[in-house]
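The structures come next, written out as structure tokens.
What follows is chain A paired twice: with chain B in the first complex and chain C in the second.
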Partner chain A sequence: MTRLSTFILVALPLTTGCRFAPETPESSTFEPLPETLLLKRMSLDLTGTLPSLEALEAVEEDPALLEGFRDEYLEDPRFEEQLVFLLQEHWLTAIDEYFSVGHDDYGLEDTNEYAWERAIGQEPLRLMARIIVNDEHWSESVTAHYSMGTEITSKIWPMTGYPDGDEGWHQVEYTDGRPASGVLSTNGMWWRYTSNDYNQNRSRAAAITSLLVCEDLLARPVSFENVSSILEAEDVSEMVQTDPACLACHATVEPLAAALFGFHWVTDYVIQEMERYHPEREVAGPRELGVNPAWWGEPITGLNELGWAIADDERFYRCTAEYWTSILYRRNLTLEDRGTVDDHFDAFLTGEARVKMLIRAITDSEEYRAGAFKVSEDDDIEIARTVRTMSPNQLSATIQQLTDFHWTYEGFDQLDSDQWGFRVLLGGVDGDALTRPALDPSLTAVVVLKRLAEAAAQKSAAHLGTGEGLLGEVSLDWSPEDAAFGTALEALYLQILGERADSASLAAYTEIWTTVASLTDSQTAWEATLGALFRDPLFYSY
Partner chain B sequence: MPNFSRRQLLKLLGQTAGVATLGSIGTPSWARAAASTSDRRFLFIICEGGWDYSYVFSQLFDNAYLTPEDDWETAEANGIPFVASENRPAVSTFFETYGDRACVVNGLEVPSVAHDRCMRLTLTGGTSYDRDDFPSIIAAASPQNLLMPHTILSGPGYNARHGSSVVRIGENAQFANLLSDDPFVLCDSDIVLAETEVEAAIDAFVQKRAMDIAAATSNSQRKRFNETYGAMLERLALAGPELNNIELGEGDFESQMNTAISLFELGFSRCAMIRNLGEYDASWDTHADNYRQNNHYELLFQALNDTLEALDNKFSPTTGARLSEETTIVVASEMGRSPTENDSSGKDHWTYTSLLLIGAGVQGGQVIGAFGDEVTGERVDLQTGELLADGTKLESAHVGATLMSLADIDHAEHFPSTDPIWAALK
Partner chain C sequence: MSLLLIGCTPEPDGRDTGTQGLDWGFERPSQTAQYTADELAEHVESWADTYGFPFPQHAFNRYLELMEEGDESCPAGGSLDDTSRFPNLGRLEGCSSSTGWDYIGIGIVFDDDLRDEDGIGAVRVGFNLADFVITSPDGEEFSGGGSSKMQIQYQEDQTSWNAEFGGSWEDQTTDATPWMKASGSVDYMMTYHNEQLATNGYVGIGEYAFLFDRLILNKEECPNTPHDGTLWVRQEDGSWNQLTFANDCSGCATGTWNEEVELGEVCLDISLPIDEAWNTLQAIP
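And then the complex of A and B:
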């Protein structure tokens, strides 16, 4: 298999394969978002942060500038960081615990625990994000010869190419002889999707089909109809290759699992086993499972060809279009969405399988840009999301953008961790017990937001009148009677909430300022006003 | 991370006074005012990994396929036959003391061998992502404006429509930290807490703001978002200082059970979820060394005995009755284990399992269903609970329908083609 064959396949997608018939979009379903709010949505989704005041005012003046800003976001350095969190919602590799293996097994200080956990779990996400940012063909994600490492993993794992003395994520290569298979050759992938001596990579095979081609074999019901033969079998592994009920899934699972034995751990969950690829064990796959490696019936020699086989499979690209649609629409898809996914799939392929083109297509769609339903719907959650809730990482990045406050504790990013942090309390996914983001405000999210707002407002208010930060130009001498007061409040409202304040909102915020000023002083009143803006439902939703 | 426990953390901060003994706690006025006999409480305990039902729930000694243990003995107490062992005294104590409140369901089919799918099946009755789990549905239907309708102390949760009813308090009860007198204890920055009057003014402002936006918009989703947001703040305001009375532990299974009880006693929650991972949190997934199930069961039943004793001595905030009379405990595991041992003295996944229902509304002293000769589920008559050749094959949807009935919810609304296990209901 060659890259050329992949290109040909993806360039001629509509002539092959089984696809849903496109449906006519219902153009009258939605009221579009006002342009400034759409800019806010695009900025939050693509950079994790709010649009600048200048961008808001520019789009307010000339809505035609919107697409240009969207394209700028796709080239923004923050885009790569945001991609990691978006990809996590599908791949779920960034978890907090890796069995009995911990940072202390590597002699790392406790303050490095969080960095160690994310260096592992984000490895495949960072690789995919880098490929997207570089605007490379998506086949690269399963064929790349390199991976991504940090100052931690580059030292503890067999990696080379990490720049001396540097920090953060950089491109690296493994030195243990593992094949070039992109995310399929990352430790981060297989530390998350594990197997053991009994399972023999079958669960990993199921993870591959689910994550890469959206064929969820585990969703199929398993019923032991022929139970006596299972009970009497000397070796159940043999049955899965002969029993028709088993074969329905295992005809795919067994040959795929057989290609993964370089990652097989002879002793479970021992770091010396886990951190290295074992080329000498590749031959064990066919021997242990009794089948030769294959991808859905197509013979391959092993992991070295698996990535190429996937890259030649049209379902790989359609699945990518499917999960990106789900991620950016902030909802689960249903069968009724097949036409929409087909449209995005077509745009993806027309764009030569560059994910940026796919994202453009999705963010161009009517549903993505929906602000409301033209006809009020019932509360069925599977309808389009015209109102979205900020995710923990969006909150974290936005608050940091506006105030420089970053909630950390002993090395942990508190909005991106769960042991002592608040990720799931804010509706995020932990990749384990919680695999879908929360769609509605919860009690815990409201409380975390309250504390986050208090802390951020306090940090920002410390710069009041200094020329720096949100309150830098504010004077403690101003009172609500001053024109400058109203102007400053209006600007804060626009910058934080992404829309112009109406008179009622301005009056309400003036009132909270006055109330707090009467209880304390002008400094505290500005801090309270800022804190209230960070807790405003219009800030938290987008 | 620092290796001190939350309890130690509070001590360090001099906040132990905030962790009050429950006897000193009054019933929140807002909860007391909304008493309802239909507001039964539910404690869900999920034994994660897949338990071996043959250790306790089903006497399969003569089964040709089963690998038994030497110490197993037949026993019966309060009408429930079970597997006893000198190594599991707490199990015998449970059935002897509380068997009249307990209903064992055997032969429940969970048609998958993947843990995550089985867990979703066990808690939602299906595999679809658009289903809420049983506790969320029950909590959302509560007639009261509860602070924390369904509290997940640990373990899974599945939500589609009722996510706003669910509260996760964090692995180390971080939620309580945020509500304490020092909410920024888990923060590197020095943050000075606002004065009480200022904090209250901002809280009230944000709540009113949410409600004003909800009232002004014609967008149904924006209205719902803001109403929900405002309702959360209203709940917090109503709970007020009572929040400090939630009994916190060190995050282990027993202490989480105590926290759940305190949430019920305070009238904060209708449902609570706790994950049990067995001894040393080693998981019930015993592909090797299946004998570890012994200690898992012993510790589980010790905790159950303690919990039932505690519930007998605590009182409902709504009716004043003993909490045990208003609390249903659901003890489940997402799958069973194969009858025969593998080469590592372990047992692999099995698509049939057992379930234990205890307490309020449950017709105790009985076993419903059975494992047949091939260790699959026997069909039952849902009305009588007796085995019936052309009866119903028990699935998790039947459990869901049963729990809906126990919670005074129309089961047909959520499980239109599935009846409850009527025989399990009083």
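And then the complex of A and C:
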């Protein structure tokens, strides 16, 4: 073994990430979450926002109502929005920059830059979210004849069907002759996963296998014993089809890449080339790569049949079950999770491949509902997440829900961008440099949370006593001696933190109010108290 | 070292990791021959009569024409000697001229005369990179993204011309060339030598999609059809028909669908675009 190959063999598992780590808890080790906190978890996971005070009190009264609320969340309009952010964690298409292509290439104002970026990157996510919300068979995600567009993309891309004068996301159809292949026929997908003249769609093929059937070809061990002959070869294209070391991956990659040439750009990163499908280039795939299109050995005619081949492949559904389990368990899966994923996969198939059925199965599981471990902390099995931290979009949606505060700057959502924002600092995924969410609290997240809490509390306190918002029913005249003060504080605590306050917690927050009130005034005291509640670890965690 | 690898690799569970089917009963879209021989000829003639062959000169000359529609400061003037025809724009916000024409993007052109004192050598002209939108006062756009590289090779006793033409070109302005009016996507090469025009590559215009597979035109010998090579014609379901010309100037080609199903003899007349092509070629100095 050469020194080079030794280094790469050692480095590969470290750089590609050990998806299958060794330790996992036995399912019998969990203490279930209290019902109100479980309601909070379900609400945050499925709507991105907190449960209403009424829902919390109802479940507190009758825990049997929990499943009903969960099912309501699956029908809630906010569910579709939340799905976009959950799907982003696996698909990673919502990035901030598209190489040298920018909003200014379309003559758009800078204030539209963020909307332009998300209109591109969220296109495949919105399509999948719409399919899930409509409770359609998951095969639709790779066979749909339609896509999703905004007022921006419907104007700049060859799309039809967008309602005149409207805004936001609507179902549209491309008019450039692209085959009906769901996400595989969206510009958003291929603006994120690009290729070039030399790569010939191979990286896109690898993205498909990784995203749709969870076969990460890039993580496969590669022998570099022939590295010198690769470097010296005049025709690497032929080598990847004949050398056994190359064939391990390229036997799959080349025929799949051959199906994607309708998205081939003859000049990289030029919008006129990127925004349209090129039917005449479909036939270039077999000619350039020397192989006919196929899906893992099964011949296909091209992109028009690729989605159907994937829809017929069991691994597509198993992979879906796998990544949804990982997303909703908020952790990487391990080898030991195979049984769990199998259970969810079975429920998914039994439910006619409706993702809502899969989500029901996952949110019904013991681990999803876990609040603590039964065993001692010394047992070192804390791979399961009994406590989660809010993602940037959950924080953004929740704060907006509670205070109507939406943090933007120059059109950029400050919690959903890194160009002008703090998404990564809060633990989010930028889809490019960072592809896994940070699941543990961090110093940067605390700093951002502090500023968010201050601004949100300030906005909310401005409506104090007006009948609107969190503090709408609070009177400036109340003091801790008044019963109404305690009732209001208790309700705030329950609504924001999702659980009943004990006397010590109430006393601590009352002390914050009293201290600030003694230095300033009642409104500022409520503002400080609210800000402290937003910075409470019980708010940020769920 | 090996232990590290094993530790991070899923243990085989004994199942085949290849495609595993599910019986959902999906009906996949099927592909069948859409055209008879006559219909295929009609389809090709329809393209030929409406659009013809896209030449890089069409896009390049149009660009030069419309660049003259601005004023002194927008699009920043300049001549063919400039390496960039949008020297001050780049990826900035573009400019609006006092004449009402707007310009945005970049168009990097070249015009190199490499002939010696005897006039022997090459003249090269075209786009190294086009990535622009030019908008008329009426809001009609001419946009180009790609490249077009043309070369005239002057020799003692003959002249040859070749071009590489790639990218997407669309022209909605008045008097646009028909193929750009319909929006064209090209990735092909053309060579004109010894009265023969050879084309090779991919051409999409409107609803038409073709592969010119070493398609040879020779107006003198075959004024109505290609002389040799194969014209691939895409049909709506994504499958392809082939018209193979047998170097015999019979006016007919052998038609197949998917390179398998024989469609019979496809006889066609595309004399109009052949004439137009020769007119374009004759205009080359």
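As a convention for this text, the second predicted complex is superposed on the first by the 506 of 542 C-alpha atoms of A that agree within 3 Å, B and C clash if a C-alpha of one lies under 4 Å from a C-alpha of the other, contacts with A are read in each partner's own complex, and residues count from 1 in each chain.
What we mean here is this: contacts are C-beta pairs under 8 Å (C-beta built on N, C-alpha and C of every residue); 3 or more make two chains touch, one makes a residue touch a chain.
All of these numbers come straight from a predicted model, not from anything done at the bench.
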Which superposed partner A:Trp295 touches (first chain B, second chain C, both, neither): second
Touch count on chain A, higher of chain B and chain C: B
Partner chain in contact with A:Gln414 - chain B first, chain C second, else both or neither: first
Partner chain(s) touched by A:Ala438 [first = chain B, second = chain C, both, neither]: first
Chain B versus chain C as contact partner of A:Glu282, first or second or both or neither: second
Which superposed partner A:Thr175 touches (first chain B, second chain C, both, neither): neither
First, second, both or neither for A:Pro221, with chain B first and chain C second: both
Touching partner for A:Gly531 - first (chain B), second (chain C), both, neither: first
Residues of chain A that lie at the interface with chain B and also at the interface with chain C: 221
Chain A-facing residues of chain C, complex: 1-2, 4-5, 7-11, 13, 17-22, 24, 26, 28-29, 31, 91-94, 104-105, 129-131, 133, 143-147, 166-170, 183, 185, 187, 202-204, 207, 209-211, 232, 234, 236-240
Sites on chain A touched by chain B in the complex: 110, 113, 196-198, 203, 206, 218-219, 221-224, 227-228, 231-232, 236, 332, 371-373, 376-379, 381-382, 385-387, 389, 405, 407-410, 412, 414, 418-422, 424-425, 427, 433-436, 438-448, 450-451, 454-455, 458-459, 504, 508, 511-512, 515-516, 519-520, 524, 527-528, 531-532, 535-538, 540-541
Complex contacts: residues of chain B adjacent to chain A: 1-2, 65, 109, 111-114, 116-117, 127, 129-130, 147-148, 155-157, 159-161, 163-164, 166-172, 174-175, 178-179, 183-184, 186-189, 191-195, 197-199, 201-203, 205-206, 208-210, 212-213, 218-222, 224-226, 228-229, 232-233, 235-236, 275, 287, 339-340, 342, 344, 346, 348, 351, 374-376
For the chain A and chain C complex, residues of the former touching the latter: 6, 9-10, 12-14, 18-20, 22, 100, 102, 104-105, 107, 137, 139, 143, 177, 179-180, 215, 221, 266-267, 270-274, 276, 278-284, 295-298, 301-305, 308-309, 311-315, 317, 335, 338, 349, 353
